[in-house]
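Below you'll find the structures, each written out as structure tokens.
Shared chain: chain A. Partners: chain B in the first complex, chain C in the second.
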Partner chain A sequence: MNSPSRTPLPRLQQYALIALLTLTALPHVLNIDFRISAFFLVLVGYRTLAVEKTALLPNRLLLFLITLGALGMVMMRYPILFGRDAGVALLIAMLALKLIEMRVRRDVHILVFIGYFMLATQFLYRDQIWLVGYAMVLVAALTAMLVESSRNAPSVSLFRSMGVSLLLLSQALPVMILLFIFFPRFSSPLWHLAADTDHAVIGVSGNISPGSISHLSRSSAVAFRVDFEGEIPPPEQRYWRGPVFWFTDGVNWRVDKDDDLAAAELISLGPTIAYNVTLEPTPGSWLYALELAVDIPGDSQLRSDYQLIRNTPIKQRIRYRVGSVIDYRSGALGMAERQKGLQLPPGITPRMLDLVTRWQQQSDSDAELVLKALDYFRQQEFYYTLYPPPLGENPPDQFLFDTRRGFCEHYATSFTLLMRIAGIPSRVVGGYQGGQINPLGKYLIVRQSDAHAWAEVWLRGKGWQRIDPTIAVAPERIEQSIDPTLISDVIGAPIRFIEVKGGVLGSALRQLRWGADAINASWHRWVLGYSKERQLYLMQLLGIGFMHGPKLAYGMVAITGLCVILLSLILLYRVRVKRDPVYAVYLSFCRRLQRRGIVRMAHEGPRDFASRVIAAHPELRNRVARITGLYIGIRYGQLDNKPNRRQFKRLVRRFNP
Partner chain B sequence: MTFRTMNPLRRLARSDSAGKAAVTPRRIYILPTGFGVLFALLLMLMLLGSINYANNLGFMLTFLLAGLGLVAMLHTWRNLVGLELGSGRAAPVFAGEDARFEIELSNRRRWSRPGIQLQIRGRAPVTTDLNPVATEVLTLTVGSTRRGRLPLPRFTLSTRYPLGLFNAWVYVELDAICLVFPKPGKRMPESPAPEYGQSQMGDRGVGADDFAGLRHYRPGDSPRHINWKALAREQGLQTKLFGGDRAEKCWLDWYNLAGDSEQRLSRLCRGVLDASAQDIQFGLKLPECELKPARGQRHRLECLTALALFGESG
Partner chain C sequence: MLRRSGADNHVIMNNILDRLVNEAGTIILGKELALRLALACLLARGHLLIEDLPGVGKTTLAHLLARLLGLNYQRIQFTSDLLPADIVGNTVYNREEGSFNFHPGPVFSQLVLADEINRATPKAQSALLEAMEEQQVTVDGTSYPLPKPFFVIATQNPAHQIGTFPLPESQLDRFLMRVELGYPDSRSERLLLTGHDRRDLLLGLEPCLNQEQLQALQNQVGEVHVSEAVLDYCQALLAFSRSSPRFHRGLSPRAGLALLRSAKAWALLSGRFQLLPEDIQAVLPATVGHRLHSTTDTGADEGATLARFLIESVPIP
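Now for the complex of A and B:
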């Protein structure tokens, strides 16, 4: 049997499929090993040539060898074949092989399905709006290929099929939205894929060293967004606390991982500020909170050094609510904490000791000594720069006395070191400082370029106090954000801060940027960040808060079913077979004759039928001739008017042979 | 027909008194194809992946494709709803030949209906893409095995359009009949008692009895009729003509033949064909009826029909 699915694929469709499928895989070039991408592109090129020269199409042996080669390449790069990257590499190899093998119409479906799946895997790497648009265009085009292949003959133009595909997708859209809203979300993954590394994630981590924060500052990626329930606090109060670094070897500072003490006593001196943070994936599991968190999210804990740590790593965007206090006083210092706060690395040089001894002689109290140290940074030739000159074997010493050019982490770490030499317990705190307010969205955006480090010292009677030595050097850093696009690459060049510039163009540009970010923020809040919590919140807003868990699943099925029924009714309404009423009456006339045993043949026109009836039953002559004449006149002639139709109906109704 | 009552649950599109069968919504069956099942598996996989990575964009794509599948199901169904089928001509055939039934497919809607397929079980499908408000005639072939009336068997009208994920079909029964003549058998024996009558045609050119004259050789003339003597006299190739067969009115008689009735019908059929090819006036004698000698296509058809329907009532 010559099945239509076995007919060879027209050349135009072959080209279209090759191009579309290459596009579905294209963004992965950045994500996986370049050798696999190169292999893929070579095979695609080869297949493109083979469209015209079919002799180039591989035979079974060659195909087998190519398959082995592809598998070998993937295995070489991803030996355990597990996890996201390995899966994508395998999928790409599969796509290349299937493209090579493509010959007949039934191959279209498999190829298009691989294309759909490939697009889904793109979202594991990126989640920008443009990628969604890109994927939607490709979904429409791939669907058009399915439409084209389910026809019997190729259509006049592939764009016709594209039109059908767009129509289908537009009707599928409501189903998608309903399913998206009502499909029950889970708070934890079904299984953990251990092989997945979070190499793409940037942010403040559990280690800090000279250059680690300035590296972050070059990125304008969003770290988190904050919706305040009340007023947004002024810039100088926007310190977003992250990891607290205790231990140092002179170069690196790291957090105390073994700390299992509960939060120390705290006397709050001001009101609690409540806000919601939408945090992008970050390394580690620190939840960033303003100053000191007091109301903390459920799945997190507050450590004794006021680090807010989530119980599970932050691999996806999360949203949480925190309450913070700005004015507070911490309690007494424990023995263990004092020891940690005074730990010194090797490599303390005599000139560092000299400097501290001089301050100690000049001041009566620890507080005064702190001010002396800040004065030192302010009065000496220190510069605030993203590109400090390289430091040698003893970075703190060289920075303090020789280069004197550094970023916040240089100032925070060296300041803390000097405090410890002076016997004042101190530590380095990492996090973010500042953030921009989006006037369109009324929320705060904190970017990676706002990453910051500062110091905390313990003073008798006051407890832990935040000291930001960077202010001494570059006070404008605290008032304004760094504009990563304006950072110059010259080593040691001072940083330019974002200023409000005049001019219509400048302000229009700024409006545009704010608008784009507002769209981005709603995108993040409502699409990317749509979680179990937000779903619950939305259900409550809709007044169906009782729908959760299994009930939500039933609800989803019901409401989607309703949507499909509605759509089918619309479609049915548009296709309902409308019979011409005149023809219906004529059919009834034929039925009446059938009772007498005269059956109208399918091929018989009304005139032929009438003459046959009259020949067989001359006594019906008058009535049959009249009815038939009227029917022909109404349907095909110029007798179509209301009285005639009525009369035709009446005649047939009275016709009972 | 008997099988109509055999399966009362099966829904059929049957022709009405006008010979048309309309595809109404409730007569359509629909099931996913193999690719449809594969598509569902793909969606399950994508859903699991999206849940695991809590990837909302993955959810979005999965749900869009799920919606696409549902919509495709409705559209596959709609691709058949409202179609009208009518039976056209079916030219008579001889037993053993393929009967060709013309099926008239009419689309009265303003949208096209691509990917339409007609198929009789066990035969190759016939396909078309119907344009908006258009009628197309497709031909279904059925092998004929025995003489008589061959009804168009039940066939399916199906489509997989638009995505090939679902197959929608309707069982159709149309009142169409193809007349099957007996298979022509061996030549008839010479009639033992030929009837002689006056011929108005003269005695030229037909027959084998009496020499009637000469004419120039034409390709195809039997070599036995070539006037070899004239050729030897170098008068060129000439053909001898014979005429004078006066048995111009012959009877094809059932009772002259031996064998069972089907064999007799086959030989009579052959006789009808031969006689009408030679343009002889012939009559047909059957146990039930008798057709008076006549000539021409119409007479031939009447005779063949009588043979085809021999023994069948009506």
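Now for the complex of A and C:
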């Protein structure tokens, strides 16, 4: 009637379980439909009240009806019970119902395993390191509950069970590491889970229009992180090239999608800078690289306009190595390229033509004309702002002559337009500029707020040249990053840049932020970035490069098994060394008898065992009696001396029934 | 060959013990184990509790032991109106001498049979139990030593019978062993039914031992060699009883001492001067059965079941 698994739960354990399981499900609350989250929270709250007042617990019929209701609710929101969100919603609803049902010790086991599973599902949504820490703490606590529930009587403090739990988990750690290293990786994500995470991805896309980059600049999300193999180049050289925009209708600029020519030859005038980029998921396939990339990753191509494009979309965080040259000279201009670089939209106004004609009259060469144009931006009343006033039907014209307030894309596109009117082939380049150096990790963080656009003009004898008209307006943009937390949304307000704040608190806060990002970066680099390629590389380093795919899986099983066996042998040995050597010899005697089918039970005394053996095999009588007598004399009597021990050993060694 | 730590008088004692067991076996039929346990209990200077239904031979066993060992014998029938003075005796005024004289009660004999001890009130019970523990009786401020050897055999009806005062645990602990006699097997029962009256046979028995020999035997119990290995085993048993969830409470150190003492007596009774794990196993049910309680109350036969579980759970180191 009162079997151990049916004992009612102490209150403390009930509270602890409710709290822990709520915590396992809590990060999901924002992921799923709010009605199901609310259902969960209400039921949990009710169950907490019912700890003191057990009369509140519903009876079986009511519970059944609530279950039906919950199922209906999930089905209403997710009509086909399929996919990540539907599964998690169902799991959460069922967890709440199981909590209501929690009464006896057996329920602890079920609930703890639901908790483990719930924690695993958290990683279907995010993979940040804080979540790993969170999950680990909860796993330890849940395991402690499991330990506690297996005790005969509740322990005074749950922390005693926590100690056991931590010990158990630390013993499991080597196996965990082995499985991590050897579990075969896949190049595509398992179960296509990342497929429905697209909506959250932001970044530079294949289209820009006035306002698209300034919109991006309000986000402090990380775009990518860069580890340089050598020195980090100064900010004015850190132009991270992304898409190149050729075609415009006056408002939008877009890339040339049909161009699939390989990059033209490049004359490098300086050393190659090598670095590794950890790129967060982005909307396009551009791999960002310092201008201009020369050594490119294997699964990408360098187009004729030096866009570095990956063959597959970047739906997950990836890591790649690039080599770039800062000083370069591009080659000659092709006919098609010249044509694209001079394409003009409709709506060129007489004001624009007048401006360009005036410059042409004042300058002898294209290079001089470019300088004249930059002077124009510098000397006229242009302002650099994230909230430019709205532009009418002809944005370039209105921007150049009326509002004169804009962000980098306004300057880059209108500058390019003016150059084209002047007959200089030009294009707009999108990407990122600058980035912050994390002094703790010695790496560069480039955020969405560093998104930038600049222009490129083709000059005879020099090739494509980068011209950043934004420098003419706001030179500090290049030296510093925009601080997205200090953006004022007043139209036309000036931009605040990140400044080094004084004070102990400010510097401590900054250190903390850098530290957190450094931890995150190593987490991405060493754990999440452990891809199929890196695994192969590691296997090659270990000299077992031939192991991959199924072979690696078998290898993993073998190595883990070996590790477990080794550990158990060590434990066994530690138990064994304490044994009396005489007892060890006696055990060998018992093993010899085992071959005859007589197994000594662990609690069987030597005399009892001997009589059983003699009864079964009378022919062994003399030898068994002699060995047993000697053993008893040595171990239990007062005959423990060397000659006897030696004789005992000899007798057992010769005993081969 | 074995080199025996020789002592000739041991051999003589062995013969006596063998005879003792054989003689007893002719009267109490088919109860060799209970008989040997009772003898071991006596040799270990402990007191014995026999728990069983009426009519299975409890009194005969007590009588038999007294007869064979040459001890003087008194029986006290415990009833609900029994007073402590009925056990220990009382002081009576002697008019001729003009003084108070102590008239010793039935407890002043070498072997006392306390029949149906759980029928008396706790007050009367404790008078006997105090005498057992102290080996003396104190009346009106004067202490009177009890004879030596002093051996109590108490019998008890199973606890659930009506009109009983079950002995509390602390009192049960005073008994070195508790044995159950049980029904005889059919062959023994047939012999019993066809044979002579047991009481007549008893009267015809000659003592096998004199008191000096009995005391010498009791002293020899202490000489039985206890090796480290056996102590390890003994401690493993105690530790297991304390850690296993099957037992309500673990065995006390006193229970450990009792176990070891009984086992040594058992070894001596088997003619050995070295203690084996088997000796401990043999006396374990009788020695710890009344000291163990299960977490889940199984009622009858609990002690025996738990003792068997304990033996089978602890490997011999």
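As a working rule, the second predicted complex is superposed on the first by the 361 of 657 C-alpha atoms of A that agree within 3 Å, B and C clash if a C-alpha of one lies under 4 Å from a C-alpha of the other, contacts with A are read in each partner's own complex, and residues count from 1 in each chain.
Here is the rule we use: contacts are C-beta pairs under 8 Å (C-beta built on N, C-alpha and C of every residue); 3 or more make two chains touch, one makes a residue touch a chain.
Small disclaimer: the values here were computed from a predicted structure and weren't measured.
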{"item": "Which of chain B and chain C A:P475 touches, first, second, both or neither", "value": "neither"}
{"item": "Touched partner set for A:Y530, first chain B, second chain C, both or neither", "value": "first"}
{"item": "Which superposed partner A:I632 touches (first chain B, second chain C, both, neither)", "value": "second"}
{"item": "Which of chain B and chain C A:L587 touches, first, second, both or neither", "value": "first"}
{"item": "Touching partner for A:P271 - first (chain B), second (chain C), both, neither", "value": "neither"}
{"item": "Chain C versus chain B, contacts on chain A by residue", "value": "B"}
{"item": "Partner chain in contact with A:R607 - chain B first, chain C second, else both or neither", "value": "second"}
{"item": "Overlapping contact positions on chain A, where the chain C interface meets the chain B interface", "value": "2, 4, 152, 601-603"}
{"item": "Residue ranges of chain A in contact with chain C within the complex", "value": "2, 4, 152, 580, 583, 601-608, 629-630, 632-633, 635-639, 644"}
{"item": "Touching residues (chain side chain B, partner chain A) in the complex", "value": "15-20, 22, 24-25, 35, 38-39, 42, 45-46, 48-68, 70-72, 74-75, 77-78, 81-82, 86-89, 109, 114-117, 124-125, 127-129, 160-165, 174-176"}
{"item": "Residue numbers on chain C that touch chain A, as the complex places them", "value": "2-3, 5, 225, 227, 229-230, 245, 273-278, 281, 295-296, 311-317"}
{"item": "Interfacial residue positions of chain A with respect to chain B in the complex", "value": "1-4, 109-110, 113, 116-117, 119-120, 123-124, 127, 131-132, 135, 139, 143, 146-147, 149-153, 155, 164, 168-169, 171-176, 179-180, 183, 185-186, 189-191, 193, 316, 527-531, 560, 564, 567-568, 571-572, 575-577, 587, 590-591, 594, 599-603"}
